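Both complexes shown next keep chain A, but they swap its partner, so chain B is in the first and chain C is in the second.
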Partner chain A sequence: MPKIISISKLNYAYPAEEGKAPHPALHDVSLEIEEGEFIAILGHNGCGKSTLAKHLNGILKADSGEVTVFGMNAADEEKVLEIRKNVGMVFQNPDNQIIATVVDEDVAFALENLGVPYPEMVERVNEALEWVGMTAYRRHAPHMLSGGQKQRIAIAGILAMKPKCIVLDEPTAMLDPQGRKEVMKTLLRLNREIGVTVILITHYMDEAVQADRVVVMGEGEVVLDGTPKEVFQNVGLLHSLSLDVPQTAELMYALRQEDIKVPIAVLSVEECLDELEKQLGGIGK
Partner chain B sequence: MIKDITLGQYFPGESFMHKMDPRMKLILTLFYVVSLFLVPDFWGFAIVGALMLLIIIFSGISLKVVLRGLKPLMFIILFTAFFNVLYGGGEPLFPEIGWLSWLKAEGVRNALFMIVRIILLILGTSYLTYTTSPVMLTDAMERLLRPLKAFKLPVHELAMMMTIALRFIPTLIDETDKIINAQKARGADFETGNIFRRAKALIPILIPLLISAFRRAEELADAMECRCYHGGEGRTRYKVYSFGWRDFLALALMVTVIGAIILLMIF
Partner chain C sequence: MIKTENLSHLYSEGTPFQTTAIEDINIHIPKGDYVGVIGHTGSGKSTLIAHFNAILKPTSGKIFIDGQDLWSADKKTRIQTRFDVGLVFQYPEHQLFEETVYKDISFGPKNMGLPEYEIHKRVDKALDFVGLDRALLDKSPFDLSGGQKRRVAIAGVMALEPKVLILDEPAAGLDPRGRDEILSRIRDYHRETKSTVLLVSHSMEDVSRNANSILVMNKGRCVMHDSVPAVFERAEDLVGMGLDVPKITRVFISLREKGYPVSPNVYTVEQGKDELMKLLRKGGEAND
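Right, the complex of A and B next:
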C-alpha cells in the first residue's frame, strides 16, 4: 500500500499568551500512514492528538518538520484546497460544524465552495446522504436531529468531497451509546467498502480495538504504534499515561500479575472466555 | 418567551405564496410598499386591500395569526393616529359641542388614512416573512444584490453572516436555557427584585453564553475551512431558483395594481 501521509519530526507549540511561555504541543512526531488503513489515535486530554490532526490538512502549520499529504506539503498555501479536499476532517461537536439550516444544504456546502456544477452536486449530496443512512432526513432542520444523526450529517458533508482520507477528532465524545455505534458502523463501512483511510482520534477503547492500527500519544510524542494486539499488551505503560485498556486486556493483565499463564493480547470477549475456560479446565484436572 | 413573537416568523407550507420564487416575492414586496405610499385616497386602499386579501387567501395562513402579530404594534398605530387627529386642519366635526373643537374633519381623515396605511404595510411585509424561510430570504437578497459587488459591497459575506446567525439561533436558545437552569441550580434568583436587580442577575447568564459563542465561532471557522470555504470566489450554488408561472402571474397582478393607483393619482 502506498504511503499517503508522512509526518517527519513535526514540532509545534501554541503561540504564547501574554506573559506566558509558548505551550509546546508536539515534539518530534514522526508517523507514516498508508492508504486504506483504519488508525485509532489514543491519548489523554492535552497530549497533542487534536493538534496533530490539525496539521494533516493545513489548519495549523508546523514550527519545524514536515507533513506530506498525497505528495503535497500540508502547509502549502497554494494547494490548500486540494489538500483539504483529500483529507476531510470531522470535529467533536456536531453543532459547531453544521453551517446550513437544512440537512442537504449543509452536505452541499463543501461542494459549493469547490465550485462543483449543480447536477453533479445533487448527485454527490444524494450519494453522501445514502452512505450515512440519512436520506430520509434530507429536508430536516439539523437542530431537530439526535447527536448521532448530526454527526453522520457532518460526516456526509465531508464525504461529499470524496476525500481519500478522513480524520475524525473524537467524533463520538458527545454522543450517547446508540449514536456512537451508528457513527462507528458508518466509519468501518467506509473503510472496508470504499477504502477510505480513516484516522480516528478517540478515547474509547472499544473503538480503538476495531482499528487496524493504534497509535498512542503522550505529552506530544508518539509512545506506541502497532496493531491493537501489540499496543494493548503494554497495560502498565498505558496506565502510566492515564489511559484505560480494553477490559479483556485488563483482566489478562491482572491474571498475569498473579502468575497465571495467559496470553496478554486478548481483545475480544469470546477469545477471553476461551482463555479463561482453558485455565479453569486446567485447574480442575 | 422568544417563541411567541409571530412578527417576522416563518410558517412552513405548500401554498401558492410558499412556492413563489423568493426573489420575486422580495421585489414585489418592495413594489407593494412603494404603491402604499403612492396611494392618494381611500379608493387606492381598496385596490391594495383587495390585493392583500388575495395574498391572505393564497398563502394558507389564517388572518387570526397575522392579527396576533399586529397586537404588539397597536400602540404605534394608535400613537400615530392620535397625533394625526391633533394636528389635522379643517372644520371641526361637531361645531355645536365646544369641548370637541379639536376634533377636525381633516385630522380624522388623516388619522384613518395612516391607520389603514400602516396596517396594510405590516400585513404585506409580514406575509413575505410568513411564507419565505429566513434562509431563502437571505439567499434571495444575496442574489438580488449581487450587482452591487461592483461597488465593493461584500454581498456574499453579509449573506453568509446572516445564514450562520440564523442557523445558530436555536442552538444558542438551547444553550441559554441550559445556563439559566445551571445558574438556578446554584441558587441564582432571576424572578424577584426591581428591574436593576434583575438586569444584574442576567450577567451570570450572558457571560458564559458569550464565551461559549466565541468558542463555537472558532470551531465553526475551522470546520468551514476544512470544507474548503474560501469566500464567495468561484462558488456554485446548491439551490437553483427559477421564475415560474406563479411569479409572472403575481408580477402581472402587482403591475396592474400599481397602474390603477397611478391612474387614481392622475384623475
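Right, the complex of A and C next:
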C-alpha cells in the first residue's frame, strides 16, 4: 500500500505564555502511515497525541521536521485546502461540531462552502448518511439525537467531502457504551468497505484492540508502534505510562508473574478462554 | 439515610409526549454506604438521583432523607436537603462561573450562610480532598486544564460537607490516569468523612472497584440492589440487560459453563488470578 502520510523528525512547542518558557509538545516524532490502515493512537492527556493529529491537516505547523500528506507539505499555506479535502477531522465533543438545525443540512455544510453543484451535493449527502446509518434521521434536528448519533452525523459531514483519511480525536470520550459501539462499528465499516484510512485517538482499550496498528505516545514521543498483539505485550511499560491494558492481558501478565507459561498479548475473551483451558486441561471438571 | 416508597416519575405528564422515566422504586440506602448506580442511557439513573436532593418532585410515591418525608415537609427543609445531599452533575466543569477558583468553591457554603472563617476552612478542606494546589485559588477556573476544572467543580459540592455525595459519571471523558485520580479522591472522601456516596457510572469495572453495593436500573425500574458480589453473581442477567460486564467476568462465566469449578463471581484481575492459582495448585497436587 502506498504511504499517504509521512512524518519525519517532527518537533513542536506551544508558544510561550507571557513570562514562561515555550511548552514542548512533540519531540522528534517520525511515523509513516499507509493507505487503508486503521491506526489507534494511545497516550495519557498531555502526551502530544492531539498535537500530532493537528499537524496532519495543517492546523498546526511544525517547528522543525516535516509532515508530508499525499505528497504535499502540510505546513504549506497554499496546500491547506487541498490537504483538508483529503484528511478530515472529527473532534471529541459532538455538540461543538454541529452547525445546522437539520441533519442533512449539517452534513452538506462543507460541500456548500466548496461550491459543489446541488444535484451532486444531494447525492453525496445521501451517500454519507447511508454509510453512517443515519438516513432515517436526515430531516431530524441534530440536538434531539443521542451523542453517538451526533458523532455519526459529524463523521458523515466529513465523509461527504470524500476524504481518503479521517483523523478522530477521542470521538467516543463523551459517549455512553452504546454510542461508543455505534461509532466504532461505523469507522470499521468505512475502513474495511471503502478503504478510508482511519487514525483514531482514544483512551479505550477495547477500541484500540480492533485497530490494525497501535501507536503509543508518551511525553511527546512515540514509545510503541505495532500490531495490537505486539503493543499489548508490554504490560509493564503501559502501566508506567498510566494506560489501561485489556483485562485479559492483565490476567495473563499476572499469571506469568506466578511462572505460568502463558502468552501475554491475549486480547479477547475467546482467546483468553482458550489459553486458560490449555493450562487447566480439565482440572477439577 | 435515603429511602423511597413506590417512587415514580413521569415526564410531560398529561401530554402526548408523556413518558415514564422511573416506576415504583422502593429502595433503602443506609448511612455511610458507597453505592454504585448503573444502567444504560435512558434507564432512569439520572431521574432517580435528581429526586434525592429535591430537584425533581415525584409524580407519585415518597422520598425520605434521614427519615424526613421530603415533600410533606416545608420548603425550608427541602432547601436544607440541597445542602445535605450534594449532587455533582455530569461534566460539572461546564457549570463553573465565578472569577476565581476560591469564589467558585465557596459559592455553596456562602449560600448556606456560614461565617467567613468557616467558609475558608471548608474551601481549604475541599481543596485537599480533590488534590488541588492552593496556588490555583486566585486563578480563573477557565484558565485551568480540563481535569483541574472537574476537580474544582467537585470541590464546590464537597465544601457543602453534604451527608450524601452523589456524582453522575465523574470520570467521563477523562484519561485513565485522570479517572483513577478522581475515583481515589472520592474513595478517600468517603472513608474519611463517613458520608454516604452514590457513584453513577456506565463502567462496571469502576463501580466494582469502588462501591460496596450496586443499584441496577433497567427501563425505569430498580432491578437489583445488593452487595457487589451478590450483583456480580447475576452477571448473566446484567449481560442480558445490555450492560458491559468486565471482560474477566465473562471469561469466568464461560469457564464455569464449561464445567470448571471456579467462582462466577470474579470481576477483578486479582480475583481471577487467585481463582486460577487455586485450581492449578489443586491440579498439581492431584498429579503428585
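Everything that follows uses one rule, which is that the second predicted complex is superposed on the first by the 281 of 285 C-alpha atoms of A that agree within 3 Å, B and C clash if a C-alpha of one lies under 4 Å from a C-alpha of the other, contacts with A are read in each partner's own complex, and residues count from 1 in each chain.
The working rule: contacts are C-beta pairs under 8 Å (C-beta built on N, C-alpha and C of every residue); 3 or more make two chains touch, one makes a residue touch a chain.
Remember, it's a predicted structure, so these values are computed and weren't measured experimentally.
With both structures placed on the common chain, the touch criterion links A:L188 to neither chain B nor chain C. Contacts of A:I260 after superposition on the shared chain: chain C is touched, whereas chain B is not. Once the two complexes are laid over each other on the shared chain, residue contacts for A:A110 go to chain B alone; chain C is not touched. By the touch criterion stated above, A:L280 is placed in contact with chain C alone, chain B being left untouched.
In the superposed model, A:S146 lies in contact with chain C only, and not with chain B.
Looking at chain A, you'll find no residue that touches chain B in one structure and chain C in the other. Remark: chain A residues 44-45, 92, 146, 170, 173-174, 176-179, 203, 242-244, 246-248, 250-251, 254-255, 258, 260, 269, 272-273, 276-277, 279-281, 283-285 touch chain C in the complex. Within the complex formed with chain A, the residues of chain B that make contact are 133-135, 163-164, 166-167, 170-171, 174, 216, 219-220, 222-230, 234-240.
The touching residues of chain C, when paired with chain A in their complex, are 40-41, 91, 145-147, 172-178, 180, 202, 205, 242, 244, 246-248, 250-251, 254-255, 258-261, 269-270, 272-273, 276-277, 279-280, 282-283, 286.
Looking at the complex, you find that chain A touches chain B at residues 54, 57, 59, 80-81, 84-85, 88-89, 91, 93, 95-102, 104-105, 108-118, 121-122, 125, 141, 143, 154, 157-158, 161.
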